[in-house]
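One chain, chain A, links the two complexes that follow: it is found with chain B in the first and with chain C in the second.
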Partner chain A sequence: MRTNTRRWAFSLFLAAALTTAGCSGGNDASNANAKSGAGGAGSGGTAAAQTGEAPDPFGKYDPAIEVHAAKAVNKVWKFLPGDDIANNVWTREYESELGIKVAYDWTAEAGDASESSPYNQKLNVSIASGNLPDIFTVSPTQLKQLADAGQLEDLTGVFDRYAAPWTKELMQGDGGISMASATFDGKLLALPNITANIYNAQVLWLRTDWMEKLKLTPPKTMDELHAIIEAFTTKDPDGNGAADTYGIALNKGLYGAIASITGYMNGFGAYPGQWVKKADGQLAYGSTLPETKAALAKLQEMFKAGQIDREFAVKDPNKASESFAQNKIGVQFGENWNSYFPLADARGQNPGMDWKAYAIPTVDGSEAKPGVPFPAAQYTVVRKGFKHPEAAVKLLNFYQEKSYGKTRDNAKYRSEVDAKGEKMNTANFPLVISDKPNAAVVQDIQNLWAAIDKKDQSLLTDYESAYDAYNRYAGGDESGWADVRQNGPQDSAFTVLFKQYTDDLNVNLFGGRTETMAGKWSALQKLEGETFTKIIMGAAPIDEFDKFVSSWNRLGGETITSEINEIMDGR
Partner chain B sequence: MLSGKTRRELPLYLMLLPGLILIVLYQYVPMAGIAIAFQKFTPFKGWFGSEWVGLDNLRFALALPDAEQVIWNTVYISAMKIAAGLVVPLAISLLLNEVTRTVVKRGVQTLIYLPHFLSWVILGGILIDILSPSEGIVNQALQAIGFKPVFFLGDNRWFPYVLVLSDVWKEFGFNTIIYLAALTSINPVLYEAAVIDGASRWKQTLHVTLPGMLPIIVLLATLSLGNVLNAGFDQVFNLYSPVVYDSGDILDTMIYRVGLVDAQYGLATAFGLMKSAVSFVLISASYWLAYRYAHYRIF
Partner chain C sequence: MVLSGGVGTRIFRVCNHIFLIALALLCILPLVQVLAMSFSASSAVAAGLVRLWPVDFTLKSYVYILKNAQFLGSFGVTLQRVALGFLINMVLVVLTAYPLSKGVQAFRGRTLMVWLFVFTILFQGGLIPSYMTIRMTGIMDSVWALVLPGAVQVFNVILLLNFFRNLPKELEESAFIDGAGHWTIMSRIFVPLSLPAMATIMLFTIVGHWNSWFDGLIYMNKPEHYPLATYLQTLIIQMDFKNMRTEDAYLLAEISNRTSKAAQIIIGSLPILVVYPFLQRFFVKGIVLGSVKE
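Our next item is the complex of A and B:
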């Protein structure tokens, strides 16, 4: 009997332990659901009487007003102990400096910022139910939708009156295309969240120790580049007596930031993977245009001549990068930071190796127009009927002043350090964000070079660590090499970008996603990758390109193109 | 009042309870997610808010331009993998069984088992190097005996076989251990009797060892049939590239691109459900066959 009782007790205990373990998991999930489901109510905003204040860009509301907002967040963001998205350095400063209390009706994961990200889906439901927060961020597609439905407050007047001079300068720093994309029928309905797309322009990286050895000069035209590629392949630039070098590096994904065909194609005036304007004013997908075919034909020719790694088709960018360290590659197209990776690694293993960035050559020797993404992927909007639309502009003023203005304080506003010494990127937390456009970035670079030239650190407006690296390198410390090749005053990737900025960049005119894209885009991408790789490898003749274009159109590309043209007509 | 027997057994049933609850919680409850296969699923709206589209997802999936090729690739690659994955370990275990020196036997067993622990991410990098047409060791050997180098990972004629061979190489050590275990369960008296009857080593293998192992062979074959639509995502994902999409793109890699990269969850679930349905039919059929012809029951 006693054993029986003990067995009873034991089995009960086991059962209880395991079921509670199982249930607690379930409970967490349902709690989380409840939490994410809550909120979303009440968006009216407290009716603080509008004080007839004179337009002061940083004027404080007294009494403080409350702004109901929504924000895309990321669960990997770190906060100081006790802080969260609704209570952090930015929200506290908003309240004490501007008299604006930010109350988040809801937040949701930013995800990949595509139309199907949790934030955008949740926002779509808010839009559908007409239950909008006062200030929130939208995608280009949602902006169009809300603008068409007349649900957005016109910001033309308040931006004019309340935007600080510095804010106005930054918002126009991309030549005004972002502001234009937020303007509908002459009314500014949103504040674009601008980023500097000049950073995404590709440059040509050349192995300069090989160039010197073979007495080659930097190329102006594609023909000159092809001559260099040929020389690197056939003239044994590494001097080991074996024909084991290639001209140019490619990766199996073809595009990307390292060993990419994008920069090479830009030299032909081709913009694969990008929406460009044709002569008739309609948008078209760059991968399907004749310039791309011409560039592919030349790549095929180079592959046949052994100037491209025969195995590029199986190597991802990391694997392809190994061939830099193995002294096999002398030419690659990539982004400005490639000097840090993979080139600095390769150089560490091969003393005497040197790389420099050059402008992309072109067919006729004119300045290349590298392809870059659209500067604004998101927009901040104000709900129609909100009593204080100028609050959005003030929040923007505050962000740009504290981040990039005279009173900027990176240690406070952009990266806090907690007690354990862990760094947090507080620049993610503000409600209204718009970052430096190309003009401001170019100014920063000029200031960096001026500071280096005059040995005066006080001239810096950014790039403090680059300034230190330059001085280290000048003093003979090799660890500054990557910095100097990226942003130094001579022979750096930034000198190239700087020059190109004076010309126009070729901007990707559409970055969102359309209805048809959702189901068909991956199949079209596969078709593109497969066809282009086969053509380059000579497994398919160049005329396969024409077949690709017609299949691409048939399999949904044509519908997608007309959808995009329809969206763009509204802008 | 409970009968005496029930009362005695109740504690035992109670001990079963936690396991049952866990199975229901983690194996059956998530099955509700199958609903996604019939919806135009948007995560925020959830199961109840998403629009029901019936079999549209499946229809769309099968109408994708490459669906046919992809299904064929999947079946072709996995059928070869299943066949080779049965025969090779069986042969190796029989051979190992004949090795009398324990050190050699154990040593070989351990060596062939090791690749099982490597991930395909690492093996992918290694294979790209050793199969490289210009400097890979395999192609250097081929060239030394007068063949032209072969671009194993970039040639549609070779790619499926590279997948099968590398998979067998990685996994055969694991199955060999199962077969070796089965061998030890054969009664030694049977061998003695066969020797007295004058059976040679070969005849012993044929008439004692193989029949003794039949149940475990049938078991493994039956279980592996359920995998006929699993051609190995990790492996293919790490080794394939656009040039070999023709011969190497399988259901799982396609689901990955459509479902995760393109965020079409309904479509991906429909694919997964279709895979499960086919596997279920195949397992049932092979189970029935195993019972019919080998009188073997798993359950």
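Our next item is the complex of A and C:
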């Protein structure tokens, strides 16, 4: 009996220990983190402030330091034999040139970059459990969250002192809006990953073999575009005798990079989904402005006339793309790389098919002003308490110098070729990335075209692969089609972007997250998508738009708008 | 089988069959289409021409899979996980269920112990505490992080426990008289007699381990260590086209390759499809026996 009791008590103790193990573990973690955070911040901050003269932006650590990091990766990336994300040209150069050893605590698939992507889920768990790497990349939502929680190292001082002149130039190349978005209460808490958002300006893709067949000319005005859409719907452009074609392709999400309404709306001077400046200088949400209503009314009219696929509301971009290969669509608004996907696939199925990119037409035939996203969608941050916050700036210096600076070496840092001649894009592997703003990109493209024109490869400052593809295509090899339609010197999406969109772009002016947005933004976006889809499909009259605007404002839109205006006034 | 009754019964039976067949087709057809896509040319798939039969038959996708190191690696992780997890789960389930199936006279704290186990079904630590427990035990990024947190499947314990309780008490008593101890009774009498229930639990365990993907995502530190289900999940989610870098344009051809995705989904679900029918006959019988003899 006695032994029985003792055994029983022991089992009970074990079971209790099991159920409470989670809780006690949690306390330890947050305590440990708080302690190391406080200690580290003190020593790191003073070390940087004590040295007098400006330090070397590329100075090597001796002995080498170790940086714990996390990174979003993509399973389609290719590496040289024996290399991987933790051991490649970048990590080796980091160590030998800068004395920085990068140790990846973890890596995860980048996925769709939404909140539920593998990388973001893993990072959210990391953040919640107080187990942050030293240097890592975050979304605007995570940035706001970490900044509010005071978990990020202030980079104001180290950026000032350690950033190379070239780095500073590139980081301010977008007019400074990205750097401003990484600044909270006057403190720079992150390094924005700037992209050249001119690449995201939409173009009009037209099926040119159909245009020739029906003797149509490229449109300058929206009315001319509507005439083409009507002709493609009613005049049997595929010549099979059946009325099975539509005018224009849409996808169920309405926006996006393929079969999007964004480019179409830009033609009306409407900028749905982005924050634009009104005449009075205040920011407003483009989806709620009257221009959007006008464009929606026209889309509704086209849907009624059978010029839009009746089932578009259930087709994602992949599904909508099938209609290109099925010879059902000849007009779509999308991005410059649509020639690679989905148009190249469609062309593989239909050899006579050809597509070319044109500038977005406008109502009055003037030059279009396409809308583009905020230049930074991701930010590199440093954990509060990390002893060497300047390492992040040095890594950024190194990336921009080796990729775009005077000592750039594209054959090494942007693409390597293995023994079999297979190309791999090494530009994806660095830990800290921020790319060229628009101005620098324009120069590269012009150099590419000059090189093609003069047949002189030495003029290139980027785009080596595009140069090769152009020569392949000119030599009769069809596999260069997608490249040439994207970036060739004539009739390409890039000629549209860089020669025809010469006016200022209409940039989305706010890329962060406000307090109210955290709770209400997804509901507002859902409301927007549902209302617009209903209006286009004729399930609701066009005046439903006014009702949408007032409920949008009531459900939090108004608060968000004033929050954003307040933030922008403060900058 | 009930013999045919009146006209009403017959009409009902016809309708019932039609309904069930439609339901079965609803489940099978998507799989058949994925199978057809995996054997089709990629341009035909991109054009949406593939219905239930391959168009331009090719084995290219399967050749591609055989060369895909990450797919094969993940397959290996899953095999390892299923083997280890299966062993650990089965041993622990039997060892837990046996004592808990005894009466209060033999095991005084039995009721409380059962409640403690049931408690863990109703209340769980949640994601973050579990994550921290895994991290501090130091099994992060290893196969142990996938098999140890779920080592005792309480639902299965209760299933088996109920089955054990319904075995005739006389068997146990006579064994005791012949001098057998608890170990002998458990391993030589209870386990062999509960094969139907065991088969059911085996199936639950194998399918559970094969399909579980979220723990792989959270506990593994490298995509190369993902188990197959996690890998397949990253395969089917959409790529982010927003702010895509131009250098990546060449990747689009690969990302849009739906035939190879289809082939990987087929290979990924094939083993479990094969196991299912063999264990299923026990599966039905097992649960019915376990509950009816109550």
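Please note the rule applied: the second predicted complex is superposed on the first by the 327 of 571 C-alpha atoms of A that agree within 3 Å, B and C clash if a C-alpha of one lies under 4 Å from a C-alpha of the other, contacts with A are read in each partner's own complex, and residues count from 1 in each chain.
One rule holds in what follows: a residue touches a chain if its C-beta (ideal position, glycine included) is under 8 Å from a C-beta of that chain, and two chains touch if they have at least 3 such contacts.
For clarity, every value in this text was computed on a predicted model and none was experimentally measured.
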For A:539 in the superposed arrangement: first (chain B), second (chain C), both or neither? first
Have a look at where A:186 lands relative to chain B and chain C in the superposition and call it first, second, both or neither. neither
Quick check for you: in the superposed arrangement, does A:319 touch first (chain B), second (chain C), both or neither? both
Just chain B (first), just chain C (second), both, or neither: which does A:121 touch? both
Should A:310 be classified as contacting the first partner (chain B), the second (chain C), both, or neither? first
Is A:555 in contact with chain B, with chain C, with both, or with neither (first, second, both, neither)? first
Regarding the shared-chain residue A:165, is it in contact with chain B (first), chain C (second), both, or neither? neither
So, A:150: does it touch chain B (first), chain C (second), both, or neither? neither
Going by the contact rule set out at the top, does A:82 touch chain B (first), chain C (second), both, or neither? neither
Chain B versus chain C, judged by how many residues of chain A each one touches: C
Shared chain A surface residues [contacts with chain B and with chain C]: 4, 8, 11-12, 15, 19, 22, 25-26, 108, 112, 114, 118, 121-122, 125, 319
Using the touch rule from the top, collect the residues of chain A that touch chain B in their complex. 4, 7-8, 11-12, 14-15, 17-19, 22, 25-26, 108, 112, 114, 116, 118, 121-122, 124-125, 244, 252, 254, 310-311, 313-315, 319, 518-519, 521-523, 525-527, 529-530, 532-534, 537, 539, 551, 555
So in the complex, the part of chain B that touches chain A is made up of which residues? 11-12, 14-15, 17-19, 21-22, 25-26, 42-45, 60, 64-66, 125, 128, 132-134, 151, 153-154, 239, 241-243, 245-246, 249, 257-258, 261-264, 267
Tell me, which parts of chain C touch chain A in their complex? 42-44, 46-49, 70, 108-109, 112-113, 116, 119-120, 125-133, 135-136, 141, 217-218, 220-224, 230-231, 233-235, 237-256, 258
Mind pulling up the chain A residues that touch chain C in the complex? 4, 8, 11-12, 15, 19, 21-23, 25-26, 28-29, 73-76, 84, 104-114, 117-118, 121-122, 125, 128-129, 131, 195, 197, 199-200, 256-258, 316-319, 321-323, 325-326, 335-337, 340-342, 344-346, 348-349, 373, 377-378, 414-415, 423, 425, 427-428, 435, 465, 482, 486
